[in-house]
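In the two complexes below, chain A is the common chain; its partner is chain B in one and chain C in the other.
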Partner chain A sequence: MMNWFANLPNFSAYGTPVYFIYLLIAILPLGIGIYFGKRLSWYEALVSFVFIFFMFDGQDWQQAISLIVYIIYQTCLVMWYVHYRQQNNNSLVFYCTTFLSLLPIIIVKFTPAMVGHNSLLGFLGISYLTFRAAGTIIETRDGAVKDINWWKFIRFMAFMPTITSGPIDRYRRFSKDYRKVPSREKYLKMLEKAVMYLFIGFIYKFIIDYFFAQQWLPYVEQQAMSHAPHLSWWVVAVAYVYSGDLYFDFAGYSLFAVAISYIMGVETPMNFNKPFLSKNIKEFWNRWHMTLSFWFRDYIFMRFVFMATKKHWFKNRNVLSSLAYMINMVVMGFWHGVTWYYILYGFLHGAALCTNDWWLRYKRKHFKNLKSTKLTKFIAGFITFNFVVFSFLIFCGFLNTLWFNPSAMK
Partner chain B sequence: MTNKKKLWSIFGPVIVAGVLTLVLFALPWGNHHSQEVEQKAAVSLSATVFKNRSLKAQALGSKKENYIPFFGSSELNRMDRYHPSVMAERYHNYKPFLFGSRGTQSLPQLFNMAMIPQQMHNKKAVYIISPQWFVRQGVMVNAFKYYNGSYANLMWLAQANPKSPYDRYTARRLIKLLGDDGTVTQDAAKIAAGKPLTGWDRFNINMRIKFLSHEDDLFSGLFLNDNYGKRIKPKVHLLPQQLNYADLSATAIKEHNYNSNNNRFGILNGFYNSTVKPDLRKTRNSQRHFNYTKSPEYGDLEVVLNQFKKTNSNVIFMITPVNARWEKYTGMSMPMYYRTVDKIKMQLRSQGFNHIVDYSHKGGQNGFMQDTIHIGWAGWVDFDRKVSPFIEKKQPQPHYHMNKAFLSKEWQDLDPTADNLNQFKVDHNLR
Partner chain C sequence: MKEQIQNLLAQATGRDASDFADTSEDLYADGLIDSMATVQFLLSLQDEFDIQVPVSEFDRSAWSSVDKICEQVKELQND
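Take a look at the complex of A and B:
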């Protein structure tokens, strides 16, 4: 049985142009249904199952089992907490439930650092599903989620277009879309956007990123490695080329996920908004991987600030916000994985957010008459962009290979 | 706007674009390339030329231009002024069409040749064999995939005969190297099992070949690198007008000594600085365990030879040397190298492939090598001296007699001592 399963072809989400032909044909009936005011729930479940099946079969069959066990686990946990929350609201129970919800990802992220190999619990997309599950528990505690049952929750968790890499939706928003069918006028507007996003995504992922990922990155990495373990100017090239690759790959992917969601009548939130045009690092995080940074903003940064304010932990507001930034970003670093470069990346971004706040205060005090001109905007954008590129060089782990593990590339 | 109009304004452009794309690839747009483009393609050494058909088919099929295929690997990229393409332009009436880069060993070359059997029919060809190909695991999967494409695979499948042991062997190798690759490997599995392809399979293959050939006609001539303009043409006038091999060889040696004076191996200075010097200490004695005597590559070579027989090509083979000073330093066993070459030569000779230029003992000759394993300078001069008469003068019809024992695991794994080789000859009634 497992042998048969392991020998099936595997189709990762949005991997090739041909994938879109299969996918679009499969969801065409859903689109026609919504156009005529009806959601074909059973057909949708079937299509989702088939496509998710082909993402995780073949070589990845162990991941498929992990995925199923994980979803059952989270569903039980959330259903139990929803049930509990109807009568009680004990903080300790809430913290324990949240911790249990985070436990799988904590194990998965710490295993490689502790044992040296990947955890068997892991599967592609576990981080994104964790955000959805933990977010639902938090929303339940806030009283924002009431109307939920196991089927609705699973549908939210395993929403096919976004299952492996986001964008990260919230249950409250998602269920609102799902309860009703968009009006024909609205749906036409969504379709129009979907077509545009798909084609921008094609340009990003299959054309521009082809050059970054297939042509340029291997070349500059190889050049830089020929000087290993020493630094060379090629490392600078790696930083810029990797940043381009990361953006066009991920933004392209996100556009696909949003477009397919739209066709299925769900307005999954956007993930990117021209991030490299940001004038400061705070703006950058409002434009880069937005669903992730908003999740962290709402559920870590804000929660911490509220709690600290309520309990009067700090006298100085600036100290409070700086600490909140640091916690927020370092946790995000850990979330990417327990390696020195992810953690340093989080730390750098936390420090950059603090520096940004400090600079704004300093400017207000000492350069009251400084006007915002094209030049100042350009300088601000230039500094922000280059800082981000530098942080991505840390993030991509190339330096780890260059300094500590040069044989891995040869 | 009514909803119908809105729907059309959303999907109309997509549908029109889709139809136009289909039309673009379904229509034959003419496949003629200009002479300049062919000239570039012949020395570009690019994977695009290697994996596609229209450029090489036009060049090698041309009655006007006398293009000769040179199959090889990375040595073809050593473009000094004595490189065969420069020499041919100055002194000879033919133009080499080069097929080869690092990793284009026998099996990739077979798929390359399978696209142009008519063009190779009754023609001459040059085949350069590097003993370095014959490593234990054979051609590397990544290298194979880089120089292999569905166009060549489909064309090979369209001609494959499930009754031929050569084609069954090739099908098995293809599956092994590609892993799961949809239609191609499914069809190859049928050939490997000795079953013919169905009518539907053939229809599907021919459909896809048609689309790929149109894509090839449209795009292969674009974006060719300009080795010709940058590395071949500027060197032609550096050669004297009169061809005198002794003089050329003398200047080549002088030039070699001048350009490789920063190291004791006689390696080109730039190559030495960038590639050899950084790891010099680590490389000492690092090749002691190298062994080319047993390899699936021998079987891969056999299917190439069979292809030459099919097209009745008259082929001259060259077996490459290694830099003797370098191998002494790295500790590679030269007796092992010579035994490898004996095995290769027996496979060639006993089947009637008698034009062999064996350079395996030339790696210590002054000025012969450009770097560690590639010939250059005086090496290229001597190569031209041996190969150009073969191409320019009329040769007797070749008589090849294939023996499928060379496809066997027994041959691939045979340790080529003189006794073992003789025993193999006796066992399989070889000449």
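Take a look at the complex of A and C:
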């Protein structure tokens, strides 16, 4: 049985242009249904199942089992907590439930650092599903989510267009979309956007990123490695080329995910908004991987500040905001994985947010008459962009290979 | 009420109340307020108007201008 499963072809999400032909044909009936005011729920479940099946079959079959077990586990946990919360509201129970919800990802992220190989519990997309489940538990605690339908929750967790890499939606928003069918007028506007996003996505992912990922990155990496373990100007080139690759790959993917969601009548939130035009690091995080940074902002940063202010933990609010930034970004670093470069990346961004705030205060006090001009905006954007590129050089782990593991590249 | 809200916003952000004179201006888009100041502002709002605003109920688009904040506060007071 497993042999048969392992030998099936595997189609990763949005991997090739042909994939879109299959996908669009498969979801066409859904679009026609919504156009005529009906959601074909069973057909949608079937199409989602088939496409998710082909993302995880073949060599990845172990991941398929982990995915199924994981979704059942989280659904039981969330359903139980919603049931519990309808009668009680004990803080300890809330913390334990949140911990149990995070436990699989904690195991998966710490396993490689502890025992040197990947955990069997892991599967592509586990990080993104964790955000959806944990977010739902937190909103239940706050009384924002009062009731949950298990089937709708599974559909939310395993929503096919976004299952492997986001964008990260929220249960309340998703289920609101899901309950109703958009009006014909609105749906046509969504389709119009979907077509535009698909084509921008094609340009990003299959044309621009082809140069960054396939042509330039291997070349500059090889040049930089020829000086290993010493630094060279080629490392600077790696930083810029990798940043371009990361953006066009991920933004392209996100546009596909949003476009396909729109065709299925769900307004999945956008993930990127011209991040490299940001004029400071705070603005950058409002434009880069937005559904992730907003998740951290709402569930970690704001909640921590809220609790600390209410309980008067800190006298100085600047100390409090700095600490909250550091916690927020270092946790984000750990979420990417337990390696020195991810954690340093989070640390650097936390420090940058603190510096940014300090500078805004300093400017307001000492340079009251400093006018915002084209020049100051350009300088601010230039500094932000180059800092971000530098942080991505750390993030991509190339320095780790260059310094500690040069044989991995050859 | 608008004046009270403008003063609370000024307190939370460390700006002048006059920065919030335009009551329809988008506070988030124009960078007048950040997450940190938002939390401080919400807490002072709770004390001033005796209302409860859970952080996870907080939807930025519904609270993005002085006018909208007024509406929200009135609504919460009526609850």
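Here, the second predicted complex is superposed on the first by the 409 of 410 C-alpha atoms of A that agree within 3 Å, B and C clash if a C-alpha of one lies under 4 Å from a C-alpha of the other, contacts with A are read in each partner's own complex, and residues count from 1 in each chain.
Keep in mind that, in the parts below, a contact is a pair of C-beta atoms (placed from the backbone, for glycine too) under 8 Å apart; a residue touches a chain by one contact, two chains touch by 3 or more.
Please read these numbers as outputs of a predicted model, since none were measured by experiment.
Participant: Report for A:K377: first if it touches chain B alone, second if chain C alone, otherwise both or neither.
Facilitator: neither
Participant: Look at A:H230 in the shared chain and tell me whether it touches chain B only, chain C only, both, or neither; answer first, second, both or neither.
Facilitator: neither
Participant: Contacts for A:K282 in the overlay, against chain B (first) and chain C (second): which applies, first, second, both or neither?
Facilitator: The answer is second: A:K282 touches chain C but not chain B.
Participant: Which partner does A:R179 reach: the first (chain B), the second (chain C), both, or neither?
Facilitator: Neither partner.
Participant: Looking at the overlay, does A:E139 come into contact with chain B only (first), chain C only (second), both, or neither?
Facilitator: It touches chain C, and chain B stays clear.
Participant: For A:T309, select first, second, both or neither according to whether it touches chain B, chain C, the two together, or no partner.
Facilitator: A:T309 sits against chain C, while chain B stays out of touch.
Participant: Once the shared chain is lined up, is A:D298 touching chain B (first), chain C (second), both, or neither of them?
Facilitator: Second partner only.
Participant: Looking at chain A, does chain C or chain B touch more of its residues?
Facilitator: Looking at chain A, the partner in contact with more of its residues is C.
Participant: Is A:K38 in contact with chain B, with chain C, with both, or with neither (first, second, both, neither)?
Facilitator: It touches nothing on chain B or chain C.
Participant: Sort out for me which residues of chain C touch chain A in the complex.
Facilitator: The contact residues of chain C facing chain A are 14, 31, 34-36, 38-40, 42-43, 54-58.
Participant: Using the touch definition from the top, list the residues of chain A that touch chain B in their complex.
Facilitator: Checking each residue of chain A against chain B gives 9, 184-185, 188, 191-192, 195, 226.
Participant: Considering the complex alone, what residue numbers of chain A touch chain C?
Facilitator: Listed in rising order, the residues are 138-139, 142-144, 282-283, 297-299, 301-303, 305-306, 309-310, 317, 320-321, 324, 357, 361, 364.
Participant: Touching chain A in the complex: which residues of chain B?
Facilitator: Per the stated touch rule, the residues are 3, 6-7, 9-11, 14, 180, 182, 274, 278.
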